[in-house]
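Each of the next two complexes has chain A plus one more chain, namely chain B in the first and chain C in the second.
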Partner chain A sequence: MSLPLPPNVSQAQFAAALGKFRDAIGNRWVFDSEDEVLLYRDGYSPLRDEPEELLPSAALAPQNVEEVQAIVRIANEFKIPLFPVSTGKNLGYGGSSPNLSGSIVVDLKRMNKIIEVDDRRHFCIVEPGVSYFDLYRHIQDNKLKVWIDCPDPGWGSVVGNSLDHGVGYTYGHHRDHFGNHCGMEVVLANGEVMRTGMGAMPGSKTWGEYKYGYGPTVDGLFAQGNFGIVTKMGFWLMPEPEAYISGTVSVPKRQDLIPLVDVVNYLEHTGTIGMPNYGSPLDVLMTDSETREFVLRPDITDAEFDRLAADRNLASWTCELQFYGAKQSVKANWEAAQTRLAAAIPGCTFKLNNEFRFPMTPEQQEAVHQKNALGIPSMLIFSQGARSDLNPTPGDGHLWFASVIPKSGEAIFEAQKVYAKASHELGLPPVFSPFAFPWTWMYRAFVMISGLPVSRTDMDANKRNRKLFSAFIKAGAEAGYGEYRAPPAFQDQVSDTYSFNSHVLRRFTETMKDAVDPNGIFAPGRGGIWPKHLREKRK
Partner chain B sequence: MTIFDERFPESVAFGKEVGRLGEATRVIRGDITQLWYNNIHAQWREQPLAIAGMTAPGPLFCLERWGWDAGLRVVYRAEHRSVHGSLQHAFTGPPHVLAEAETRVSGPNWAAQMARLAVTCHHGICKSDEASFTGFGDMLTTTDDEALVSWVIAPVVRA
Partner chain C sequence: MKLTLSIVALVSGLLMSSHAQARTPEATKIQKGKKVYDYWCATCHAPSTANSKYPGTEALKAKYEGSLPGALAQRTDLSADVVKYFVRNGVSVMPQFRKTEVDDADLEAISAYLTRNNRP
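Showing the complex of A and B:
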């Protein structure tokens, strides 16, 4: 496989640029051999080995802000696009591969300082190479009374995950990783270093506490965007609670989902609970072909669903509620939640799952199954890829299709039908069954998410799933749902769906892009934003 | 260090043979998190040393990518999978190691023999070949048709 050159850059120019990069950051940290550069290939690419596969031309690993500035100046000189990655672990959403083939990956893994963690004011300031494991280890080693909120798996970058609007599992706003950030430092396209929020005030004492600073905030431009290379970020941290309780409510009937979601919304939006975990015990019945055929009939009634559940002595829906706080309040809140749910849903039942006190010993932490609910990073998810007809090669990876839907039971039912219809129109079995439930990482919206499988060997399967992914984007947009995150191969299509007033949002962003990055060196195509000279590349 | 997964008898046999050959072993139950966090991460930060194992694909996937950041690569990989009632073994590695592979998978103690192959492959990296063989037996003890992988991750020297 030969590596692509950056667009409109000759081999001689590229070689000259690489020479300057070597002078700037050291030969050891410039990667241009095929076997080194292909390490930055997307491990879950849906275009693997196809001509359209997105590949970098080289990779650079700077150690500090000054080296990043030097890289940016050289890139501008030669008009070579750069694609920054933090730890490059964004699997399912593109990994470390760029949106534009031929871009040079700027790997920020060596910029891994934990600058500050304060467990009285509950914030941290970190560089992009700091992983969730790194920050967790720092907190544990120093016995600090704060928690991280980490995604699953925990090997990603605290900065990088937030800049792709990544999400987590603990309490309230902590799960919204970008929303929970507080100030950043960015290298701009002209090589200057800018700080936002209170970082913009020299000598500020509140970088990690007050995020707005003064005047318009521009931080959002650097998340799912391509306006700079982020070199530091502040984040609010959750104080270590005294106690945690989790309990599950089970409801008997299909339509009980509606009042269940309403009550759980109230509990979450009043701050009573952390992340609710919905589920359906009936989902396991989909592995039986006869039941599957029965359930997937378009004319199936709620009464038939309810009889199916009753005959098997299964609840129709469950929701795990998680309480954090003082030991008295978690118990009281669990009691209050039960009272409110019992009043709203006849026949619902409750089960207490876990009770923990903090701090925990390492042995106690190891015994916890749902570690991410307690801010403990884990790689367990990589041990859980089960093979199925829908996912014949789990080890080859997946694409995350993740659309934002309203937080209501009605919306869940509607979304199941919307995506089932989209699958049916392509002659494919539904990815979202009538028992599909939303994920609740965002605390003010639901995400209907599924991993469409990719294969390293079956290109026909990849083509089929790319077509399905596109069909889902279209069907979702027609129903009023938008994707919150997407792999590079689909970012243009997703961007197209945010089309109010002839795509005015994108046109506004492109106007700024042309002003601050006139050579278009930062991540062309990321978030659907292309520099002027490459705009025809939009798919 | 050599890693084996106590859930799978084949992996246990691999680990036992490695121990018999005098190498240190570590056990997991599917999840690589604790071993990496408590042992390998610190080791690779200080000095990237070779490790080997027979595990399900998930732990190798994680270790391989962590290894990249520390200047290590998978220098030997053998995927062992039950296919249509027979055990298939697909190897990628140094020619001198692959030359012995077919013989070593042909008997009932093939898993232990994979340990012997792995320990000959600890150091450096060289041109790798690929080879596939049908071996002794017809099934693995993994669930959901999952493969087992025996592997070696070792430091590389840039040209």
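Showing the complex of A and C:
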């Protein structure tokens, strides 16, 4: 396989640029041989081994801000696009591959300093190479009284996850990893270092505490955008609570989902509970072909769904509620939640699941099944795709299709139908069944998410799933849903759906892009934003 | 009592020191390999417990249907080439690892650790 060159850059110019990069950061940290550069291809690429596969031309691994600045200046000189990654673990959303083939990856893994963790004011400031595991171990080793909120899996970058609008599993705003950040340091396209929020004030003592500083906030440009290379970020942390309990409410009828969501919304938005986890005990029935055929009939009624549940003594829906706080208040809140739910939904039942006290010993942490609810990073999510007794022929990864829908039971039912119809129109079985339930990482919206499989060897399957992914984006947009995140191959299409007033939002950001990054060196195409001279690349 | 403790500390210090002097380059490499393995690999490949079913371990258990241990560190049949291949190429849902994560010296050390119990 031959590696691509950066667009409009000759082999001689490329070699000259690599020489300058070597002088700037050291020969060891300039990767240009095929075997080294291919380590940066997206392990879950839906375009693997096809001519359109997004591949870098080289990779650079600076160890400090000054080296990042030097890289940016050289890239400007040669007009070579750079694609920064923090740790490159954004699997399912592109991994470490660029949006534009021939870009040079700037791998920030070596910039891995934990600059500060404050367990009295509850914030941290970290570099991009710090993973959730690193930050967690630092907190544990130093017996600090704070929790992190981590995504699945936990090996990704705290900064990188935030910059792709990543999400987690604990309490309220902590789950919104970009919303929960507080100040950043960025290397701009001209090589200058900028700090935002209170970091913009020399000598400020509140970088990790007050995010706005003074004047317009520009932090959003650096998330799912291509306006700079973020080299430090502050984040708010959650104080370690005294106690946690979780309990599950089960409701008997299909339409009970509507009041269930309403009451759980109330509990969550009043701060009573952390992340609610919805479920459908009927979903397992989809593995039985006869039942599957029965429930996939377009004319199936709610009464038939209810009979299906009653005949098997199963609940139609469940929701796990999680309580964090003082040991007295978590129990009181669990009781109050039961009272409110019982008043709204006849026949609902309750079960207490877990009760924990903190701090936990390492042995207790290891014994916890639902680690992410307690901010304990793990890799257990890989169980869902890896080989197992239930999954004897695993795929080679997946593309996350993640659609933001309203936080209501009605919206869940509608989204199930919208996406089932999109699958049906392509002659494919539904990815979202009538029992599909939303994920609740976002504090104020639901996400209907599914991992469409990718293969390292079956290009036909990849083509089929790319087509389905595109069809889902289109069907979702027609129904009023948008994706919150997408793999590079689909970022233009997703960006296209945010088209109010003739794409004024994208025109606005691209006007800024041309002004502050005139050579278009930062991640052309990321977030659907293309620099002027490469705008024809938009798919 | 204090004197006893001091003597114990002195003796154990001497023992550790002589042990360190006796450590072979291979033993040092294995020790480094375990450290790198614990950081990068064990999060998926550690022995499973009741509530922590490590995905890499469970995948290999399913693949070999119990004929080989699921946890990599318990294997005695791995070769350095096999370890290198999977670290640099990945397999199934496991992606490849870059040199900023596991450099070539780390990879050699991981191989030394995972092949430490192989029969000659």
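Basically, the second predicted complex is superposed on the first by the 528 of 539 C-alpha atoms of A that agree within 3 Å, B and C clash if a C-alpha of one lies under 4 Å from a C-alpha of the other, contacts with A are read in each partner's own complex, and residues count from 1 in each chain.
Throughout what follows, a residue touches a chain if its C-beta (ideal position, glycine included) is under 8 Å from a C-beta of that chain, and two chains touch if they have at least 3 such contacts.
Please read these numbers as outputs of a predicted model, since none were measured by experiment.
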Clash or fit (per the criteria above) of chain B with chain C on chain A: clash
Partner chain in contact with A:Y481 - chain B first, chain C second, else both or neither: neither
Comparing the two partners chain B and chain C, which touches a greater set of residues in chain A: C
Partner chain in contact with A:S33 - chain B first, chain C second, else both or neither: first
Touched partner set for A:Y44, first chain B, second chain C, both or neither: second
Touching partner for A:A367 - first (chain B), second (chain C), both, neither: second
Which of chain B and chain C A:M379 touches, first, second, both or neither: both
Touched partner set for A:W236, first chain B, second chain C, both or neither: neither
Partner chain in contact with A:Y132 - chain B first, chain C second, else both or neither: neither
Which of chain B and chain C A:Y93 touches, first, second, both or neither: neither
Contact residues of chain A, present in both the chain B and the chain C interface: 36, 39, 43, 87, 109, 133, 154-155, 366, 378-380, 382-383, 385-387, 395
Footprint of chain B on chain A - complex, ascending: 28, 33, 36, 39, 43, 87, 89, 109, 133, 137, 153-155, 366, 377-380, 382-387, 395
Of chain B, residues touching chain A in the complex: 30-34, 36-37, 41, 56-59, 61-62, 65-66, 68-69, 144-147, 158-159
Sites on chain C touched by chain A in the complex: 43-44, 49-56, 58-60, 62-63, 88, 90, 92-101
Residues of chain A that touch chain C when the two form their complex: 29, 31, 35-36, 39-40, 43-44, 59, 61, 87-88, 91, 95-96, 107, 109-110, 133, 154-155, 366-369, 378-383, 385-389, 392, 394-398
